[in-house]
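One structure below.
Lettered A, B, C, D, E and F in written order, each chain numbered from 1.
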Amino acid sequence: MSNLQFLKPSGSLFVDRDVTRFSDIVKAWEGKEIQGVGLIGAPLSKSSISHSGAHLAPGTIRKALSAFTTYSVEENLDLNEWNIQDLGDIVMHVTDIIHSQERIFETLLEVYATNQNFLPIILGGDNSITYPSIKAFTKAKGRVGVIQFDAHHDVRNLEDGGATNGTPFRSLLETKTIEGKNLIQIGIRDFSNSKTYRTYVKEKGVSIYTMKDVRENSIKNIMTEAIESLNKSVDVVYVSLDMDVVDQSEAPGCPAIGPGGMSASSLIEAITLLGEQPKVKGLEIVEIDPTVDFRDMTSRLAAHVVLNFLKGKEKAKLR
Amino acid sequence: MSNLQFLKPSGSLFVDRDVTRFSDIVKAWEGKEIQGVGLIGAPLSKSSISHSGAHLAPGTIRKALSAFTTYSVEENLDLNEWNIQDLGDIVMHVTDIIHSQERIFETLLEVYATNQNFLPIILGGDNSITYPSIKAFTKAKGRVGVIQFDAHHDVRNLEDGGATNGTPFRSLLETKTIEGKNLIQIGIRDFSNSKTYRTYVKEKGVSIYTMKDVRENSIKNIMTEAIESLNKSVDVVYVSLDMDVVDQSEAPGCPAIGPGGMSASSLIEAITLLGEQPKVKGLEIVEIDPTVDFRDMTSRLAAHVVLNFLKGKEKAKLR
Amino acid sequence: MSNLQFLKPSGSLFVDRDVTRFSDIVKAWEGKEIQGVGLIGAPLSKSSISHSGAHLAPGTIRKALSAFTTYSVEENLDLNEWNIQDLGDIVMHVTDIIHSQERIFETLLEVYATNQNFLPIILGGDNSITYPSIKAFTKAKGRVGVIQFDAHHDVRNLEDGGATNGTPFRSLLETKTIEGKNLIQIGIRDFSNSKTYRTYVKEKGVSIYTMKDVRENSIKNIMTEAIESLNKSVDVVYVSLDMDVVDQSEAPGCPAIGPGGMSASSLIEAITLLGEQPKVKGLEIVEIDPTVDFRDMTSRLAAHVVLNFLKGKEKAKLR
Amino acid sequence: MSNLQFLKPSGSLFVDRDVTRFSDIVKAWEGKEIQGVGLIGAPLSKSSISHSGAHLAPGTIRKALSAFTTYSVEENLDLNEWNIQDLGDIVMHVTDIIHSQERIFETLLEVYATNQNFLPIILGGDNSITYPSIKAFTKAKGRVGVIQFDAHHDVRNLEDGGATNGTPFRSLLETKTIEGKNLIQIGIRDFSNSKTYRTYVKEKGVSIYTMKDVRENSIKNIMTEAIESLNKSVDVVYVSLDMDVVDQSEAPGCPAIGPGGMSASSLIEAITLLGEQPKVKGLEIVEIDPTVDFRDMTSRLAAHVVLNFLKGKEKAKLR
Amino acid sequence: MSNLQFLKPSGSLFVDRDVTRFSDIVKAWEGKEIQGVGLIGAPLSKSSISHSGAHLAPGTIRKALSAFTTYSVEENLDLNEWNIQDLGDIVMHVTDIIHSQERIFETLLEVYATNQNFLPIILGGDNSITYPSIKAFTKAKGRVGVIQFDAHHDVRNLEDGGATNGTPFRSLLETKTIEGKNLIQIGIRDFSNSKTYRTYVKEKGVSIYTMKDVRENSIKNIMTEAIESLNKSVDVVYVSLDMDVVDQSEAPGCPAIGPGGMSASSLIEAITLLGEQPKVKGLEIVEIDPTVDFRDMTSRLAAHVVLNFLKGKEKAKLR
Amino acid sequence: MSNLQFLKPSGSLFVDRDVTRFSDIVKAWEGKEIQGVGLIGAPLSKSSISHSGAHLAPGTIRKALSAFTTYSVEENLDLNEWNIQDLGDIVMHVTDIIHSQERIFETLLEVYATNQNFLPIILGGDNSITYPSIKAFTKAKGRVGVIQFDAHHDVRNLEDGGATNGTPFRSLLETKTIEGKNLIQIGIRDFSNSKTYRTYVKEKGVSIYTMKDVRENSIKNIMTEAIESLNKSVDVVYVSLDMDVVDQSEAPGCPAIGPGGMSASSLIEAITLLGEQPKVKGLEIVEIDPTVDFRDMTSRLAAHVVLNFLKGKEKAKLR
């Protein structure tokens, strides 16, 4: 049946035998115990204060990832031997947002319980997934430190709208899921927060690096400080990346865009450094709305975040 | 592992247990002999005279199809018992367009040879796929009649650009793959053709129904005439649908849009009538460029064409 | 302070002293008892099965309305003496969809209780608002008949997602808020429904006019039949318009677009006839998502629906 | 220098030796006396009440024209022997709108004076060009009748904004450039005009065909009535086409779009009939804003208007 | 009337009791004497050489402002006690551009005369508003120095198009409204100006900082130099910001975009420093066309300019 | 014929007598021997692996160029005395891609042969034009060194798709058209290449500067190193610019966009330095797809590349 060599599934991409793509090192999870990194989608965005299509980002980030290769020419290092599991997405309820958040918590809790060497890369969704996600992570891993990249504190009161994308760290602090001193917020921006909330986080002992700190200090120094601090007080570190920490010109697809943000290259540098840290054992990327993005530029940046996180892990492994 | 009930592949759609979708009656072909209808993509558009993304249409038409249900409320008729094979796409060569056209010919020829009861629904791609497609169909099926819906004759000379999306019927007539008297062109439009080519097709004995004929006669009468004519002289009939036969307001995603075209409802009516005909054993849809469409409107229309073609087949079966 | 004649609020439109616009006959409600027609927004769309920005439609429809004049040149009839109240929007909860639906029910119930001569024009939002809206209407008005324009039956089961934009008529029928025989569905479309649901509504005694009926009969005859039937059995009639009843080429901004729909002119004709009926005392327009529309075309159509509904009322008044 | 056969001006289109395009029968005017039809652009749109890019339409209509062929397959009639002059555009002043309107008047007056057999096809620009254009036409040609296709009367008062795109027929009537009885308005639409202005035109003796008339009568009958009426009382007839007479679904690129408009096919039928009339000696097309259009759909329709106008002329010639 | 708590004006945003937004500190002006900062729109863009929708920017900048908060986390400083007046927009004439410019002059003159402690923030509009605006400012305030951020000199001759967005500084210099030595142009860009105009401004004694100066020097140093120079020779300083001074990647919504521009962060830094200066008593932002912007990114940047200008004022106050 | 002063060709731009635009120094080539710089388009993009409209870039780059002036205010240097020839575009075959590449080779070879002082600026098109272009350049000029700006090595194997936009440097190296040691690749990016191909170029002796090198070193130093190296070993240098070397935020219109790229200002600095080099005698710009760009931003950047290249040449001349 020689001519049928040309029949392939619809949408198949060009294959170059001399290139390993990210899609070559990812497999759909079949339920066996996971060793190492896996992707899992949390496509919830009905919880957002403003209209958001962030539930579509797990799809666009995966698509962006599959177009990149596994090779870092900067470090002459190839990820081609990795085996990454794709666990799929946690299906959300159509009309019960709170139950959707519980599904995230319970699904992750179960996955962590039965896969103790699983290092999750969680693709949101909006920032409201952070509370159930870190709650499950904490239950599974012990004392957790969190490095949060975000233009916003995300500690809104829970009275004015329930558990939204503006409240996850309020919930985490109020429930003592994490301690304030183990939370480090990086990239907090002018005219995007309130004094009340800044006072709140300060009182909880949270460390804050505003964009002025990022501009005037080096991101490398900030990371060093943050890691040193957490290494002393926690068992594991979870990196929570709200993509709106990046400037609107480089991450145009976030719901709450604005000027005055971090550069993409600083973010990549920070993420690579975090990837190198042995205690860093979880990463989430939230707040990308592909329906308002330009050419999936923000999802492409998210894909580079994932790849450089893995590059950091690989660099640490090679040491 | 009860909580993992919520883990599903990324992009899974909402499931309503009381609804059968088209995606429920389509399966990826596994190579066994095909009985009945199958889908096959021919994603070639580098052969187009103007810049065209028509190679992306097999994907968008499939996606549009999967959102519709199997039930015709107008006829109280359900396609839910059908088994449709999806053969995937014929992979195109990156830089050898002529070879890509040969791949279409050879792949279809082989499929037809080994699947004699296969009724193909071919998703283009541009109109250049029509020549290899009908050549293969003719080799497999005997005397073929063609009902072509198109704003254009598509009999351009082959000297000025080779085998393009403007030449398929020239090639078919010149090679005597089909006879002029067995070709019926419907929807030919003002100021979109040349006198030379109209003379050419007339001389070959082709039947022409211009848009004036469509406006002033009923599409039902035209179909009756066309079918009666072909039933006498051919063994099987192949329906070739260039979506630009439809007016720009209802098929905005074709490369060569313009006013003065057929209504979508006339097209649907014609296709349903053709589906009912036992001799009609092939359908192709070409010239949809999703990159310039509005909300995949033209691919959604193509999906309705496929569904109403099947509805016609089902109606005939139920008689 | 003569020169300050030129200072006006930002966004003020050009004023022609010889033209009355719709905005000239609408006033923000100040809480006094309402006599006659009022607008009220129900900006809920988190209840939708697919991603929907329909909560933005009350704004875009109002904006479209304000650009049109009050004068029907076809009937030489001017609405310039009307006093229409704009009650604003019912504010939705950020994360509690069910509570949002209750807010719609309770707010409308209260408004109806204290304003017995209020004729509501309700601007959705998605179709899930129909259940709380008609429930309140029924509580206030007695036996209610409903004329539903929709491509879909909207009687999905409530198990697979709760009270969504696919379930309102299921809820209304199951709770016996309305009787099946007092529900008339117009514009039901091929390959957009399931046999199970068509059987369900038939068993409930609902009248169905499919698109085939609309094409082959005149909309005027259908309206006459529908009105005659309801006039016998109900006290008041509520018109529920899901804009996706209209073809995708004329209502491109609905979430679930497709070919084979009703023409805008048939819809306008039907709505005008319904406006003329004394028993017709409520109108809702749902399922317009301005974020995917083209130039607010679908909201402009909705504005014409409102205007022609009022034209019908004015015609009846003048008789 | 054989290989340089392949060097052509940037943007050259594919050439098929067997096809005559409209661009083949148009030449840039070199100043000699013009016999017959010529194109001239009047790219003024700063005079519009709302933001308008209609000054770009002469370019997009010419581009659309150049893509169509000269052959009417419906009538088996070829325009390939025509010689059409393109006079270019009348350059507008950047900041003096009134002076720009004078430039239109004076340039046309001069062209008409020195080219008595010139039949102008004027490409706007917004509807404000109509006053200087018809003033020049009247000065050159004697008693002029005007058939105006428009959703609007365009007789706004001149106090509230000066000579805008809403006032041309007010100016023409007030200055007695044309008599009311020689003006026929076709396609006037509901909720798009004021009673005051309808009264004004009625008092001036203008004939009005509303969209209701268009829907309930045939466009052919209306044209026959209009032509008969004007043939008695004027020397020449000028056709003024505001493209917003067409429904928003078929002419989406007009500034003031809305539902309830004329179909493109009715317009084309009317224009062809007018082309056949010997007294019809001028045509203008206004109110297309390419910056808000979809794929130049409205300019493509304008191109078909021009082509069918010429088809009418050719049909009359062949009689 | 408990349930009516949920009825609010259409388009109301989510309210968090712990957040002060910019909209909370702005009130519509009621005509009382203004103390301090006020916003005023000058929505003129018909004066632009190229097609511009800059008249829409007062609306989009206000909308962007209203989404930001009053709190600078970088300086731990809150603007929540400010009272800002919104004077609305100066209404433009539809067809008389010169008169529109006079309206700007006369309205501002009157406002300045009766509100001597008013610090205007003027939202254009195109750059042609600068001449009437600064003329009024000068009449009211004495010797005025101007710091102009612009890619262009804006001293075109007035013969070739009148008073356009390319001529304001020519008019100011020719009429001696300001002296050349009191004008400082920052951000002048390669291949965007002519030698003739550069010579002209040099001869008038204007200070020029090209983009090379900005790249090679620090913006802080340039500001220090500029302020020192003006502090000696003028009574008050007016900041004129043509947003196209910023690079196309960060201010994509200006009519004349290009590469090689200033970074948004340099602009913000400069504006904050200027805000701190007691002599700086006026700010205008021009040349943003929201119809060609991406997600109002450029209006969001303008909002940050306003906020940082106020931050500078607040910092100075706190010293 | 005084009034006809206002008739100009459609699309004429505003003319300011005091400004020299780039369009003023470019003339369409009339076949005489070319002295100095000329533009030539190579509009081929059917050779691209992914769907690309790069064949449209010669048009958009020329349009962008024509909007800029000839004056560098940074260097106080005017290009107004230059005479640049525009040779037009090399017409591509519709269906024979390989033949199209031969047309590029043969046309350039002939042009070089008869115009020995011609300095070509070649506007692609995709990167596949590089092989025929440099092959012709080498035949005409002797030993050629190439400075390639690109995120990718572009040395894919030729088996998997033929001569695509991914293979030009493979072809050049395999055919020994250029030597590996005379090729310098700048801007090679992480996760966009394969280890196999990096090994291949290393073995060929190619010099590689990754983005890490660009970030950590200065572009000026890299250029100095590159030029010094090539000056020793080659007769002439050809600059090949794949615009995707620039970051996605500044060159959003390339087919293969991503984060982590070079800044536009570094590119401009590099190009200016190269322009100053006497041995640099050719420049090509490829991989801009205007159909996916934002406001021709990437073509505007390409125009600045051309202008700064000429600025470099002018600076060298003035020394």
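Heads up, the rule we're going with is that contacts are C-beta pairs under 8 Å (C-beta built on N, C-alpha and C of every residue); 3 or more make two chains touch, one makes a residue touch a chain.
Computed from a predicted structure; not experimentally measured.
With contact taken as defined at the outset, chain C and chain D are each touched by B, E.
Comparing the centres of all chains, each the average of its CA atoms, the largest separation from chain E belongs to B.
Computed centre separation for the pair chain C/chain E is 44 angstrom, with centres defined by C-alpha atoms. In this assembly, the C-alpha centroid of chain E lies 38 Å from the C-alpha centroid of chain F.
Chain C and chain F, compared by their mean Cα positions, are separated by 57 Å.
Residue positions 14, 49, 94, 160-161, 249, 294 of chain A each touch two or more of the other chains. Pairs of chains that satisfy the touch definition comprise A-B, A-C, A-E, A-F, B-C, B-D, B-F, C-D, C-E, D-E, D-F, E-F.
On chain D, the positions that touch chain F within their shared complex are 1-4, 6-12, 14, 28-29, 31, 40-41, 58-59, 62, 86-91, 94, 103, 106-107, 109-111, 114.
Within the complex formed with chain A, the residues of chain F that make contact are 49-50, 156-157, 159-161, 166, 188-198, 208, 210-212, 215, 247-249, 252, 257-260, 292, 294. The touching residues of chain F, when paired with chain B in their complex, are 46-47, 49, 51, 53, 55-56, 93-98, 160-164, 291. Considering their complex, residues 14-20, 22, 68-76, 78, 80, 249-250, 264-265, 268, 294-295, 297, 300-301, 304, 307-308, 311 of chain F touch chain E.
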